Amino acid sequence: MSAFTPEQEKVLVAWTKRYPYPNMGLVEALRSVQEWHRCVTPAAAARVAELFELPFSRVWGVATFFPSFTTKPTGRHRVGLCHGLSCSLAGSDKMETCLEETLGTKAFETSADGKLSWEPMECLGACEQGPALLVNDRLQGQATPDKIAKLKELK
Amino acid sequence: MAKRVKFKLNGREIEAEEGRLVIDAAKDVGVEIPHYCYHPALGNPGNCRMCVVEVAGAPKPQISCRTAVREGLDVQSDSAAAKRAQASALELHLVNHPLDCPVCDQSGECGLQDYYMKIGQYQSQVRENKQHKDKRVEAGPHVMLDQERCILCTRCTRFVENVTKTYELGVFRRGHAERVELTPGKVLDNDYSGNVVDICPVGALTDRDFRYKVRVWYLDKTDSVCPGCSRGCAVSVHTNTKRPWHNDGKRVARLKPRYNPEINGHWMCDEGRYGFGSLDRDRLGRVLRLAPREEELSWDAACAAIASELRGGAVAFVASGMLSNEDWSAAKTLFAGAKFYFTPEPDQIGAEDALLKRKEKVPNLKAAEALGLKSGSFDELAADLDAGRVRVLYVVERDLGRIWGEERAKTLVSRAACGVFQGPNACAVSEAFRYRLPATAYVEESGRFTNFEGKVSKYEKALEPIGSAKPDWEIFDAIRAALETSGKGAAA
Amino acid sequence: MTKILTKHFDEATLHELATYERLGGYQGLKKALAMAPADVTAEVVKSNLRGLGGAGFPTGAKWGTVPPTDKVPGPRYVVVNCDESEPGCFKDRVLVTRAPHQLIEGLLIAAHAVGARQTFIFIRGEYQNQYDVLARAVAEAAAAGHAKHASIDLMRGAGAYISGLDTALLETMEGKKAWPRQPPPFPTVAGLMGQPTVVNNVETLSMLPFILREGGEAFAKIGSAKNGGTVVFSVSGHVEKPGVYEVPMGTKLRDVLALAGGVRGGRKLKCVIPGGTSMPPLMEKDLDLALDFDAIRAAGTFLGAGGMIVLDETADAVEVAHNIERFLAHESCGQCTPCREGSFWNEEILHRMLHGKATAEDAPNLARIGENITGKVICALGDTVGMVTRAYLQRFPEDFKKRVSSNG
C-alpha cells in the first residue's frame, strides 16, 4: 500500500516532471510529503524513491539531512523562533520561555492534539524584526507574547 | 600513453605520469601520505583532510588526493608545516572517537593508531564529553558496525553505492549528528559485504567471523589465491600459529583480498572469504591401506604397491579443479593412457555475477584444458565401474558421494579392484577405498592456478602440512618413480 | 546618497509589473536583448559589479569563464541564489518582496549574456511569502513577453544554511544532500547537472537593469575603485533603527551607523560585524573605514553579504562567539572532518565556558583549534568555524579571561 493518496501521488509525479531532470524535483517533493504527513517516514521516502527512480538510501540521506524534514510529526502548525545572533540580542530566550509556557510544550514537542509544535531555528532572515517568528514557513515579524498567545487560536 | 613529467616530492625529483594524483605518485616511490577517505577504487571525496601537503606557491595546504602531478610541481609531505597540518586533522578525527583500542579488533591495523604513532600529538586536549552513537549494530551476517569509532570517511557507503550498487549503508543526518547507518529496512548482506571491513580504515566495521578470535599482530600473512571459483582472486592467508589456543584452535584466521589489477582489483566475494572453514575438518595425515585391514604404510611402500596396481591398466583417474598446474602436469605424465574424469558436476557449480563470482566453484579447470586433458562423464565412469571395466580407480580430492550419492558411490568404488583416495580431507566415501593417501591443502604447499581467462597466479605455502601429507604432484612423481624403478610405465 | 535598488521603495506597488515598468523597468533588458551577449558581459565588466552574495568576485569576469558551446556543448543555466541564511542578512528578502521585477529583469539580462535558455530562482523554504511574490512576478513578466529568450522556474530549499553556498546549492537542486563540491571545475564550467551554470545572488542580479540602462561606467562611478555601484546593508543588533540601507560602495562605517540611528540608547559601541556573523567584527577604530570589499578585507574581515550587526558595550564576546559557533555547528554539513568535529568541539568548549566551568587553557586551546580548521576544510563555512572564535579571542581577550576568574 502506498504511503500516499492517489492525489498526492499525482503531485509527486508532477514534481518528477517539473524541472529539466527528474531528480531536481526531489527536495520539493519531500517538502510536499512533510506538509502532508508533518514528517517524512522511511515508508514515505521509499515510495518517493520509487517514483523518482532513485536509490532509497539517497532519498533517505536527503530526508535526514535537511532541517525542514522531520522523522516524527511536527504540529499541523510548525512554529519557529529565530535564535540567531540579532534575535538573540533582541531577547529570543525570553520568547522561547514564553512559547514553552503559553503552548505548554517544550521545543520540538508536538501538542497532544497535534496542532502545534515550536522549535528554535537558525537565522530566518528577519534580523531587523527580532526575535523573528515563523509559522509554516511564513515570517510573522517580531515575536511578542500577544502573537504567541494567538497561535493557540489557529485551527 | 600519458606524458611523463618531473616533479619534486620532499626535495627529491620524481618522474610520474602527468595528471596522476600526488598521493598515488608518492606511493609509487614508497612515500605514504596519511589518508582515510581516498581509495584508488572508490575515488577521492577529500573529506578526511589527512593527506594535506605543502605545495610551493599555494596559499594554504592542499590535499594530495586531489592534487594532480604536473611539470615543476613542488610538494612537501613531511615538512614541519605539512606534518602539523596532518597532526591537526588527526586530532580532529579523535575528538569524538572513543579510543577503546584495548577492546577493538582493529587494533594493530588501525589507521588512527598508525598515524597517531607516526604524527600524533601525544597529549589529548579534549575535555568535553564525547558523542554517543550506536556501538553494536549487526549490520549483516558478516559485519558489525560501531558508529562511535566511525570517522565518516564514506568508503563503505561508496562501496555499496558504486561497486555492489546495493545501497545497504548510507551517511544519514547531518553535521556532528551524522552517522553511517543501515538504510532503513536493509541488511548488509550483499555477496561482497566483507570488503567493507577491509576498506574501513578504523574499527567501525569489523568481521563477525574474526572478532575477538585473535590479535592481528599474532597473525602471519602469506600470498595466496582463493580456490573458491575459477576467478582465482589474489588473497592473503592470515594464519594463527603463534597463539594456537586462540581462534578456537583453527590455524587459518581469515582471508583478505590482495590487490591484483588483472584479476580481482581490490575485492573478493564473501563466499571465497568465509569459505575456508572446512580446511582443517577431517584431515588425513597418515598413509593407510584400509583393506583388507587398516595398516599404516610408509610412502615408499604405498607408492610401490600402487605402482604395481597401475601396471595392470584399466585405470580411471578422478580429480577436480582443485589441482594445481603442477599437480595436473604430474598427473598427465603418471596417468598417461588412463581415462580422466574432472568435469564439474552440479555440486561444483554455483552462482556467478558480473563482478567476480564465477559459476565453476573450483579454481583450476583451465590448466587441465591447457594440457589437452579431456574429461569423461561421470555417468560413463559409473557405467564402467558397474560393469567391472575399471580395475584401478584413483580419486584425488573429489567426493564421489556428492556426485552419485553416498551409498551408490560406495558400491561403485567397491567394483574397482583397487581404489586409491588422495586428498587433504576425508569424505563420506573415502573409507571405501583400499589406499588412502594424505595430501596437502593449498595453504600447505606452493603452486599455481590458471584462472578461467588463462591467467596464472602463484600461491605460497602458509602452513606446515598435517602428518605426512604431501602435495599431489609429489605423490604422483613418487609413484611414477616407483613405476620406473621396475622399468615400465603405467599400463594403458 | 545615490540609490539604485531601493530608489523607488516608497512606491507602494513597486512589486507590480505596471508600476515597475512605469518607473523605467525592463528598459535595461530591452537594451541588452538588442546587444550581442559578449557586449552585455563587457558592459558588466566595465561596471565593476562584484558578487554581493558574499564572495565579492567580479560578476563580469565570472560570466566570462562560461566556456563557449564548441568547447562545452549543451545547455547553460543561470541560478539565482536567494537562499539568504547568513545571520544578520535580510536584504535579499526585502529586495524580492519590494522589487521582484528588478531581480527578474536582471536574471533575464544575465541569461542573455551567458546564453542560458533556462533559469532558476532558488529560494529558502522559510521565505514562503517571498516565494509567492516572486511566483506572481515571474508569471506577470512571462505574460508580458519579457521572458521569451529564457524560462524562469522557482525552487525552494529545505532549511539548510549550507545550501546558500553555490556548489551546495547546486547539489540541493540536483536532489542531493547539500555537500559542497570541491572546485575545480567551477560551476561556470560544470554546474547544474554538469552544465555551465552561473550562480548569482539576488542583489547582484538586481543591479543589472541599472547597469544596462545607464551604462557600466555610470555604475562604476557611483562606487569606489574596483567596487562599482552601491551595496545594501542589512543593519540589526544594538541600533536605533534596524533595517536595510543602500549606500555607495566606499561609504564610511560611521555614516552607515548614522543612517541606522546610531548605537541604541546612546551606549558605547563594542564592535560591528560587517557582513554577517561569519565575518570577524570591525572595531571603533574602524569607524572611518570606507566600506567596500577591498577596504574591509584590508581591515582583516569581509564585506560578506552586508549583514551588519552592531554590538554595544553590553555584549559579551564569549556569548557572541558561542551563539555564532552554535549556529555553525548546527549548520556544518558533516562532509569534512575538521569542520564537523571542530565546530562541535568549539561549541562544547564555549558552552562550558558560559556555564561557569572555564579554565585558563580554554582560550589558547580555542585559538589553536581554530587555526587547525581554517584553510584545511572543503568550504567557506568550515573556514568560518575556525575564524570566528579566534577573532573574538583576539579582539576581546578580557571577556574570555573574565569567564575563568568568575568561576565557582
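By written order: A, B and C. Residues from 1 in each chain.
Quick note on the criterion: a residue touches a chain if its C-beta (ideal position, glycine included) is under 8 Å from a C-beta of that chain, and two chains touch if they have at least 3 such contacts.
Not measured: the values here are computed from a predicted model.
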### Task
With chain centres defined as mean CA positions, report which chain is farthest from chain A.
B
### Task
Could you compare the number of C-beta pairs in contact for A-B with that for B-C and name the larger?
B-C
### Query
In whole angstrom, what separates the CA-based centres of chain A and chain C?
24
### Query
When the centre of a chain is set as the mean of its C-alpha atoms, what distance in Å lies between chain A and chain B?
51
### Task
Calculate how many whole Å lie between the centre of chain B and the centre of chain C, each centre taken as the average of the chain's C-alpha atoms.
55
### Query
Using the touch rule from the top of the page, what residues of chain A touch 2 or more other chains?
58, 61, 65-67
### Task
Identify all positions of chain B at which a residue touches two or more other chains, and write them in rising order.
171, 173-174
### Query
If you look at chain C, which of its residues touch at least two other chains?
160, 177, 330-331, 333
#### Entry: Residue numbers on chain B that touch chain C, as the complex places them
45-49, 52, 60-61, 66, 85, 88-89, 91-93, 95-96, 125-129, 131, 151-152, 171, 173-178
### Summary
The answer for chain A against chain C in the complex is residues 18-21, 23-28, 30-31, 52, 54, 58, 61-62, 65-69, 80, 83-86, 88-89, 121-130, 134, 136-139
### Residues of chain C that touch chain B when the two form their complex
160, 177, 182, 329-338, 340-345, 348-349, 352, 359, 361, 365, 368-369, 371-373, 375-378
### Query
Within the complex, which stretch of chain B touches chain A?
157, 161, 167-174, 183-186
### In the complex, chain C residues that touch chain A
75, 84-90, 92-93, 118, 120, 124-129, 153, 155-161, 172-178, 193, 234-238, 242-244, 273, 277, 307, 309, 311, 315, 320, 323-324, 327, 330-331, 333
